[in-house]
Each structure stands twice: as C-alpha cells, then as structure tokens.
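Both of the next two complexes hold chain A, though its partner changes from chain B to chain C.
And now, the complex of A and B:
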C-alpha cells in the first residue's frame, strides 16, 4: 500500500487514485470474486481425446506402479481410455477440496468412503453412481460395503477397491522365546506386558512421532470401540457426544493402565522407525495397520503375526478397524459415462487382483470373488474383519480430515502428561467444536 | 507514517511538462502486474479474514469474530510467545554471530575463502532437506544422543523434538545454522565498503581495537543493519519450512509459530477464514516492525 499511495505526483491525483482503488476493491468484494477464484485453480485434468483422468494419491513406489499396471490393463480393453496422474499424498490431501470444486476437475479420485466422502457428497461435489451398483460387477458386494458407500442422501457415491486391517503385531520368535501366548482379554494383555517388561524390553511400541502422530488415534479408536462400542464411537466423532463426557474419560482411564508399558520414545519415532524397533527386538508389540509391511524387509515378514485388540468389556460386541480405500468421481466431470465404465471395471475381481499383485500384497480385495495374496497373515486378517460384529474405518475417515489434528494434539499430550487428562479433554472438545461448527 | 516521509523527500519543484508515454508505460505495466498478482490477493486475504470459510461452500461474512476468537485462543497466545522468542533468539543470535563471523573472516588470509564458503554453504541447501538431516540427528539413538553418550553425558540424552521443553530450541538450531552464513555475507559486504583510511587515522590517534569497532565499524554499518534487520524480521515471521518439517508445531503446540499455526488452521483444519485472520496478524507485525525502522532510518538520513 505504501508504494501505491506515494507514486502519484500531485495530491489531487493521489486522492483520485485512492478513490479509484477503493472503488475497485469494494466492487470486487461485493461481487464475491474471492470465492470464485477457488474454482479456477488446481484442476490438472487433461482434456485431450476424452481420456478419463484418474487422480491418485498412492505415491509410494510399489503402489504407484501397481496403479500404472491397473490403468494399462484398462486401456487394453478398448473403447474408453484412462490416464493416471499420481500426486504426493500430502499435496493430494490439502488440494482435494480444490480438485472437487474445480470447473474442469480430475474425473476420478482415490479417497475414502463413509463420513469423509459424505462430507463432500452433502455439498453436491460427488457424482451419483447408484446405477453402477446394480451392475453385475458390484452385485456380490456385502451389505456393509453398500452402506459404507452410500451418502446420507441415499445415493451411492463411492466404489471400494481394497481394505486392510489393524492388529497388535509381534514377532513369533520373540513370543516363543519368552514363552508367552496371544492374549484375548485386557487383563491377559496387561499381564503379558508385565512379563515382557520383565525381559527388559519395552512391551508396546507406538510410532506417533516424526510426522505420523495420527498413529496414536488407533489406540483411541480401539479403546473407545471396546469400552463404549462402535456406534458410540461414530456418534462421538460426528459431534453427537462430547469429548469431555464420562464415557470418554473411561477410555483414558483404561489407557492409563497400559501407559507404563509404552515405549518412552513412542512419540519421538515415526511408525516406520517404530517398525524397525519392533523387528530389532527393542519393543515387544505394536498396534498398527498392515501398511507398515511396506517399511519392513521382506524376509522378516514371515516371522510376524498379530492378535486382535484385546476384549475389555465382553458385553460390547467386538468391532474392528477395517479402513476401506477406493474411488469417487467429481460431480462436475464432463465424461460421466466413461468414468462409470472405469469405476465398475475397478470393482471387478480382475482389476483388484492386478492391483494386489503389484502392491505390497497385505491389503484385501473388496470384491468377494477376488483372490487375496493367500499368505497365512492375510488369511487371518480377512477372517478377523469378516468375523467382526461391526467395522469402523479410522479416526479421520469416521469423522473428517479436519478433526484429525485435534486428536493428534490431545493424544500426544495425554501420552506425555496423563495426569492432565481432564483439561486435555476439555480442550479437545473446544477444538473439535470449532471444526464441527464449520 | 512512511508515506509522510516519502512525501517530504519528494518535495522538489517539477517541470510542468507531460510525462512521456513510454515512462508512463514503464510505471503502469509493472504496477498493473503487481496489483493483480500481489495487492489483489492481499485484499482478498483481508476480506477472507472477516469470513468463515471451509474452502468449499461460499464464505460467510462474520465481521471481526475471527479476531475476537484470537483473544481467547490459548494456542494463538502460545504461537505469539513462541514467535517473539523465535524473533529474539533466531534473529538476535544470527545477527550477533553473523557479525562475529564477518569480523573474523574479513581479513584476506590464506584459506579464509574456504571458511567463508563453509559458513555460507547451508544457505544453498533447501531448508526442508536440511531439516530431514537434522531430524535424523535428533532421533532417539541418533547422532546427537550417541555423541553425548560417547562423552559421558548419557544422562542428558533426550527425545529432543518430542519433548515440549526442548522442541522449540531444537528447531531454532538448524534455522540458525543456515541464517548465520547469510547474515555474515551481508556484513562482509558492508565491512568491505568501509574506507580503510578511517582505521588508519584511528590507529594514528592511538585508538584501541574496541574503540575502532565501537566508533568506526558500528556507525559505518548502519545502512547494512537496516537490511539485516528487515531480512531477520521477515525471515523470522515466515519461518515455516524448518518447523513444519521437524515438529509440525508439536508436540501439542509447544513449538507452534504464527506461521505454522496459520498453515495448520487453514489447510488442515480447513478454517480458512481464521487462517486468513492469522495471516493478517503476521502481516501487520512484519509491516509494523519494518515500517517503524524505515521511518527512523529516513529521519536520520534527513
């Protein structure tokens, strides 16, 4: 502003200039140009030759090449052509609202079903794909998946492709050496921790440091669905309960019983380094999703096994975390029919097997006819989710990406200062309220 | 305020002749470009700070509510305190140490170029890449902890970045490591500009080294100080990459700066209105400090 106002030479022209600048500014504010600017940026879709753009956040080397195989296989089929555009996952996450509101958007995007997808569906940003759910490719899908992919308005807006599971992972050789068994209840779990601690090993590794603070939310999710049940958990994350309720306090009381057994470096190491600590016998167990296998050496995978998160209250039906990945399409796509063609093909057993073969192979296909990797670990994981009374997604997927940072702050603070739990929960509720009231 | 002085400086009689169109074009075209790419988005930012916006639906005008929220936002208070601390420690130390390094390395001696290059080298690296290296060093069982255990300080080893009492300081170190080289180069250029005759005259008069520094070097560096101050204030307030790469403002906001808080509010919590209000605060702070200094500098120049 300083430079602007001192440029004109005479006072008269300066005043006129200022008036002009003010008028332009005011006019622009009135016409709401500020918002329209958001729809012009970011759309990186190609318009050439009617190709369907698939914008993918799967940027790790294995997953990226698996996606390339997938798109190549689709293009071999003829008629409709697709192009893959891989974006770094962090960029993808922050740019997703821009992609969806763009006037010339990427046609199809990788993301998550459930509450996260519904946030966008409620703003009419997602393509209604109810008709492809009646096609043979998707007819065998489970009712749970159908529900998960339906928006609150009753439209199907998502096509799932794969899912994975969370469990308490450990090394079989270590459990044999220590002469211990997998626990099934919380008391057995605490006793096991005590035994492992007696061997001079930190019983529980975490991996909530170095940019992966969200891993701690798995503990909150699991404790909450074991203590209060899956429905309470979803309601809490949707803002229908409060984080400073006595039910949530009970979750943290239970967590406190296990805190002495956590690795003191739990909030200093990223989950990849925490995986290394588990493999190098510095920690005994770790609650983690199967994606950690990407960071583990292949020859060590055979020694890994997992058990279900222990039961705390036998009256509460045992739900599991089974985060589902897949695709949704932008409502503003110019190629709706072609996109639906690609989406229904991505739901086939053929497509899902191509992807699983190329990726690390610990994910499970959503198509009941598709074959998984077939290792004992994957079989056990599939049985875990198929036998679950209810399936939750994960903290951010059951709420919104915007709520995740509030959990990261609250849980990291709880791990460092468990005695301040009351004030932590009050702050968490206040921070969450700001997100819910958006 | 700067406007008043700028006006005073220009008060000199002008010819009544018309400005040639070419000159007008040279002034207006860059002004238009600047207006479109700089001032226009800035005005939008101001407007957004008066709204509630999630980046998808149209923004809702809510007046000054975002600014009122700041008054009661404890994270904002932490961020302001940390930013002040950052400005004092990062700014103060880089100015003092940069000047010290420049004084040490100003004489042309054998091998002095090597040391200058070594100190300047961190400026060349990307700060995000630098931060990744430092992150590995700060890790439990990383280089720093290993070195401390090696010299018998094992009891002091620490998860440096994960402890709220050390996180902010642990982040300042890599930022300083880079900034010192930059400030040193600015001061080296300033020192080169001082007339050696001044020092010779002082020596003839029997001035001590300290007196030479106090009465010749410091006053002669005044113009460089203005540049260094602006650079330091701007760099402090926009320090973001190194903090974000190392701690993301955590653990639980203990190393939060205004810049990281602005980013996480706007792009993680998707509260773009409140994020814009934070950006306006950062702008006012930076502009206030620099403008008041420039006004003083111009006054002294008169």
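And now, the complex of A and C:
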C-alpha cells in the first residue's frame, strides 16, 4: 500500500494552493462573524415594504388555523400584507433569543408581556410602539394592561391580544351528588376537602408530574397572592425579597394544611392525565388554567365549572392570575411602520374576535369592546378577572424562564417531604440568587 | 465474511462430537432446556421491546375524546384514522416529509461521495499528515454539537444561507463526514494492495482505481453507512431548528414537535405523526438490512 503513491506533478504547489484557499476562506468567515452584529445581514430585504412576518408559537392544529384566519383577514384589508410562520412552541421558546438577535429577524412575534418582555426590552431588542398606544384601537385598554406592556424604561413594547384565567375547577354533577357548595374562604375550602375525602375521592388533583411540574407553581402563586398580596409576590420573584423569609414560610404553612387532601399521584401524573382523573371522578377539584378545557372531551365541557381560589386573609385585596398573551416586534425590523399597522389592528375587537372564534374558545379578549365565546364558563371567568384588585401573570411570566426550574425543584420536594420546608426554602433561595445575580 | 461463516460450523461440530459420545441423552435434554429458556427469554425481551411501538400504533388509531375521557393507558374504546389525517393535512406533515427527503437524500449521497474520496486518498496513498487528518476528523466527532449551535447559526446567516434547505444539507454533510471517513478508511485499508497494484500495472490512474476498483469493493460498507446516515439525518431535529425558521421549510421532526400544543397535546395526532415520521427510516432500514448487518460484521472481523 505504501509503495503505491501516485506521482502528483509538482506536489508542493497544489498543496500550497489548497492551504492558501482554506486560509482565505476561514479568514472571510471569521471577519463575517465579527461584523455580524453591525451589518444588515443577509441583505435580502430592503428597507420598508414587503410582507410583515409574524412568527407564532401557536402550533397546535386548532390554534394554528385560528392564526391563519387572523392573518388572512388582515391581508384582505389590502394596505399591508402579513405572512404567518408557525413554529413548534418548544422550538420557539428555545430559539426566541436567536430570532431577536438575528440580523434579519421576524418582524412580529407572539410572546408574553411584563417582566419577560422587559428582559428583552432592556437589551434593546424590542421595537418601541408607544405611538400606537395613543391610537383609537388601544385607547380603551385598562390601566393594568398599559402598565403590563410598558418596559422599565417607560416605553410601550407590547400589544396584548388575549388572556386566560386560573380557577379551582370541578364537575358540577359531582358537587351536586356530594351535596356541597363552592367555598369562598380557606376554612370553607378545607371543610369541603374533608367532605370530599369522606366520599372516598382524593379532593385535590394536581398534575405536576411528567414534564408539567410548573403546574404546582399555580398553588405557590395563589397562596402567596392570598397571604402576602400581589405586590409582595412580584417583588419576591424579582429578587427584592428572599424565599427563606418568614412571609414565604407562612405560605408553606398554609399549604401544609391542605396537603393531606392532595392526590398522592399529584406529582406523578402530567396535567393532561390529571384532567382525565378529574373527569373520571378519581379527584374532586383541580387548580388549573382554562387551557385544560382543550384536554377534556367536548361532551363533558358543559359539566365543568370553577370557583375563585379561596380567600385566606380578608385584609389582602383579592388578586387573580390572568396570564396575557400578545405580540412584540423586533427592534431590528426593516418594516417598522407596517409592523405597527399590523399590531394596532391585532388590538382591535374585530381581530380578537376572529382569533377567539377559531381557537378553542376558552381565552378572553384584551380589548374591552370585544365579545368572548359567550359560554357561562367564559362569562364567569371574564367577570373574575375584571373584578380582580390586581392581576398577576404566572410564576415564569412574572419572573423568567430561568427561575421556573428552581420553583419546580423546590415545590416538588415540598410535596414529597413537607417537613423539610426550611431546608427546601434555603436551597431555593440559593438557586434563585444564582439566577438573579446573572 | 463468507469464509469465516463457512469455517465456523465444522469447528462447532468437532467440539460437540466427544460430548455426544459421553452421554447423548443428557446433553440432548440440556440442549432442549437451553433452547426453551433461550426462546422464552428472547421472546419476552422482544415483547418488551415491541410494547412501546404497539402503544404508539394503538394510540394513533384512537380518537382524542376517547383518550381524554379514559386516559392514555386504558384499552381503546374507539377506532379512527382521523389522527393521521390531522397530522398529514392540518399538521403539515406532507410538506415536512417532502422537505425531509429534499434534505436527506442529497445529504446522504454527497457526504458518502466526499467521505469515500477522502477515505480513498487517506487509506490507499501515503499522504503526509494523513494520520493527523484522520484524528482531527474523529476529534470533530467527539465534540458535542451543542457548543457549535450559535456559531453555525451565525455563520449560515453571514453566508446568506440562513433559513434555506441547502444550509441544512451543508451542515449535515459537514458534521457527518468525519465519522464516515473514519469507517470507510478502516474498510478500504483492508482491501489487499495487490488488487490496486494490478490495476496500476494495467495503466489505471487514481480516479479509475477509485471509481472502478475500490468503490465497488467498498459497497457493503457504503450500504451500511447509507442506512445509518439516512436514519441520522432524517431523524435530526437540532440542526434543523438551528438553521431554519420558516414553517414551510421545516423537516418532519420539527413538524412532529409542532403537533404538540403549547399546553395540551392531542396524543392520537402526535402518535399518528410519529408513525408517519418513522415510516421512511423503517423502509430504508428494511431495504438495506442485509448490507447493514454484513457491513457491521465486515468492519469487525479482521
């Protein structure tokens, strides 16, 4: 084999040429990397004009077709054209920073307002849309929403489109069978749990297993809101309080009172399976967001009802969780005027009704003039949020996706070993500190 | 391959002969019990392997309301092919499957062509630094791909290839080629030098030796690598979502992920989508199965 070297003519020169070509290529790529942040990138798009791309994370078939209807309705208006690009929600979550920092970004993206949007706004990645908030389309929006869509620098960076609510859901037929009423206070709630337990049913389903550990955060959020108030909750998640403070201990003391009534499978089942357990009468109630109705068979939807999370301290104003969804635009968009046109249209009652009609119908519109799906459940939910003293988003939306895993770990541990709450909270504080100090 | 197999049975028989002379019945009984134990054990094991596949197949033919009211683990109460329709039409798997094939077929052909050329040069000629080149290629394979996600994404953007299928083909070829060269190099090195010497005497140049002597002799290894690389590239998700952004260009794996909702997943549609996504790789594997096993053996037996 070694004797078989063919005799290339002028071996040196060819090799030198290849080496040279390689070096030049590498140098070109290197310089490309260095200048990537300043240049206008691929250069395929000119300034202004063209189609506005709307990058959407609503990938489930039903929500996707609702978004398609929405974009089609916008395009029918003629002036500006929009194109929808749907990406799997998990992909969207991981790729969002890449989208926003890319030199040729999608113009408009679906995401969350509040501290999540503010994180990106502080890095100057979001388009300032303060001017469209003065337009008639958004003039009727509540002050709470205005505050929610404003960045810490005082700019409006977000346009909300819909929200949903959380409540303690149950089956009407079961409550009638057991002869029990919706509780309003924590003591009534505990008494109700005792009654349901007497019927041989696990009173509280959870669904914090199998990849949906975040569902347990709803309990922490609500207990904290009810015991310490919404402002304390937000400050805590922003790192202005500590997780090992006595206030947080009080939250877990309250939780411990209800812990014997939790379904022992609570941290084993994913929330979709926990929904099935509720529908099959294995559990009595479940604190969950309205999206869970998508996991219920259509013929059982009429049997579902909910009540507000019970009041623990009457002195604390009753805030609710009302996670809001909507749109923000990339600061690097080449079509700022067209994007604003689309954003202000998405805020109209007309647009929000088109979306709600196509989607599963349990979400609520942010435009006060827009009609909702009109079912008794949705009407009750809208009244709940509109009557709330304050509205929080959800654990990850009020803090960050980075802080959520620390909560998942701490709460899962607490549900398994409630006696070790002191060490669990110390660990939680230490983990959270690492995220806040980043 | 054929020679080792032909040689094995006589050796086995020679070993078994004295035993049978000693006590034919005892050995026979032991053999029967051994066979029974082996078949029950292997049967149970393969059943265990097949259970998840069976669950996916059954789930894909159930209706969502059935799953929602009875749970994922219950016995099916319904039979419908609606999940396949939802995945194929509403879920956009048709376009995604086309995209996957547009990426996979050229990527497999191109990477094997380039890898076989490189392996030919490295194994059949006394090139300087060939050992180093081979080690660099292998070293590249040991690097976790995750640390290269951001460079690859920025690089494709700089080259104007971001969000195009050629970018994905390029990435797949680039990342696969090191391993293919390594395997083919080991295989080609084992081909006797005399064959090539004969060709040289007959006046064949390097290109002719490569295309008419070495490449046909490497066919078993190429077939095995075809099956492997097809599976790898077809099943890849990471690079697809790194260099692509438009839903109309996403391959089947990314579209499968899209069938999951933000909160609620329609398991029957997801299962149906998985069945659709798995079909091409299964077909390729069945087609190349013979070569695949042969190729593995050939690499191992010296």
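A few notes on this one:
Rule of thumb we're sticking to: the second predicted complex is superposed on the first by the 389 of 438 C-alpha atoms of A that agree within 3 Å, B and C clash if a C-alpha of one lies under 4 Å from a C-alpha of the other, contacts with A are read in each partner's own complex, and residues count from 1 in each chain.
Just so it is clear, contacts are C-beta pairs under 8 Å (C-beta built on N, C-alpha and C of every residue); 3 or more make two chains touch, one makes a residue touch a chain.
Given the structure is predicted, the values throughout are model-derived calculations rather than measurements.
Legend: residue contacts after superposition of the two complexes on their common chain; A:402 is shown touching chain B, with no touch to chain C. By the touch criterion defined above, A:139 reaches neither chain B nor chain C. In the superposition on chain A, A:86 makes contact with chain C only, while chain B stays out of contact range.
Applying the stated contact rule after C-alpha superposition, one finds that A:416 touches chain B and leaves chain C untouched. Touch criterion met: A:279 reaches chain C, while chain B stays clear of it.
By the document's definition of touching, of the two partners only chain B reaches A:209; chain C does not. In the superposed model, A:98 makes contact with both chain B and chain C.
When the two complexes are laid over each other on chain A, chain A has residues 1-2, 4-6, 29, 32-33, 94, 98, 273 in contact with both chain B and chain C.
Listed in rising order, the residues of chain B touching chain A in the complex are 2-3, 6-7, 10, 14, 27, 31, 39-40, 43-44, 47-48, 52-59, 74, 135, 139-140, 159, 161-164, 248, 250-253, 264, 267-271, 291.
Of all the residues in chain A, the ones that touch chain C in their complex are 1-6, 29, 32-33, 36, 41-44, 55, 57-61, 63-65, 85-91, 94-95, 98-99, 102-104, 106, 271-273, 275-277, 279-280, 289, 291-292, 294-300.
Taken together, the chain A residues at the contact with chain B in this complex read 1-2, 4-7, 9, 25, 28-29, 32-35, 37-38, 94, 97-98, 100-101, 120, 123, 125, 209-211, 213, 264-265, 267-269, 273, 401-402, 404-406, 408-410, 412-413, 416, 427, 434-435, 438.
Listing the residues of chain C that touch chain A in their complex gives 64-65, 68-72, 86, 90-91, 123-126, 150-151, 153-155, 157-160, 162, 189, 193, 196-197, 200, 205-206, 241, 245-248, 250, 254-255, 257-267, 269.
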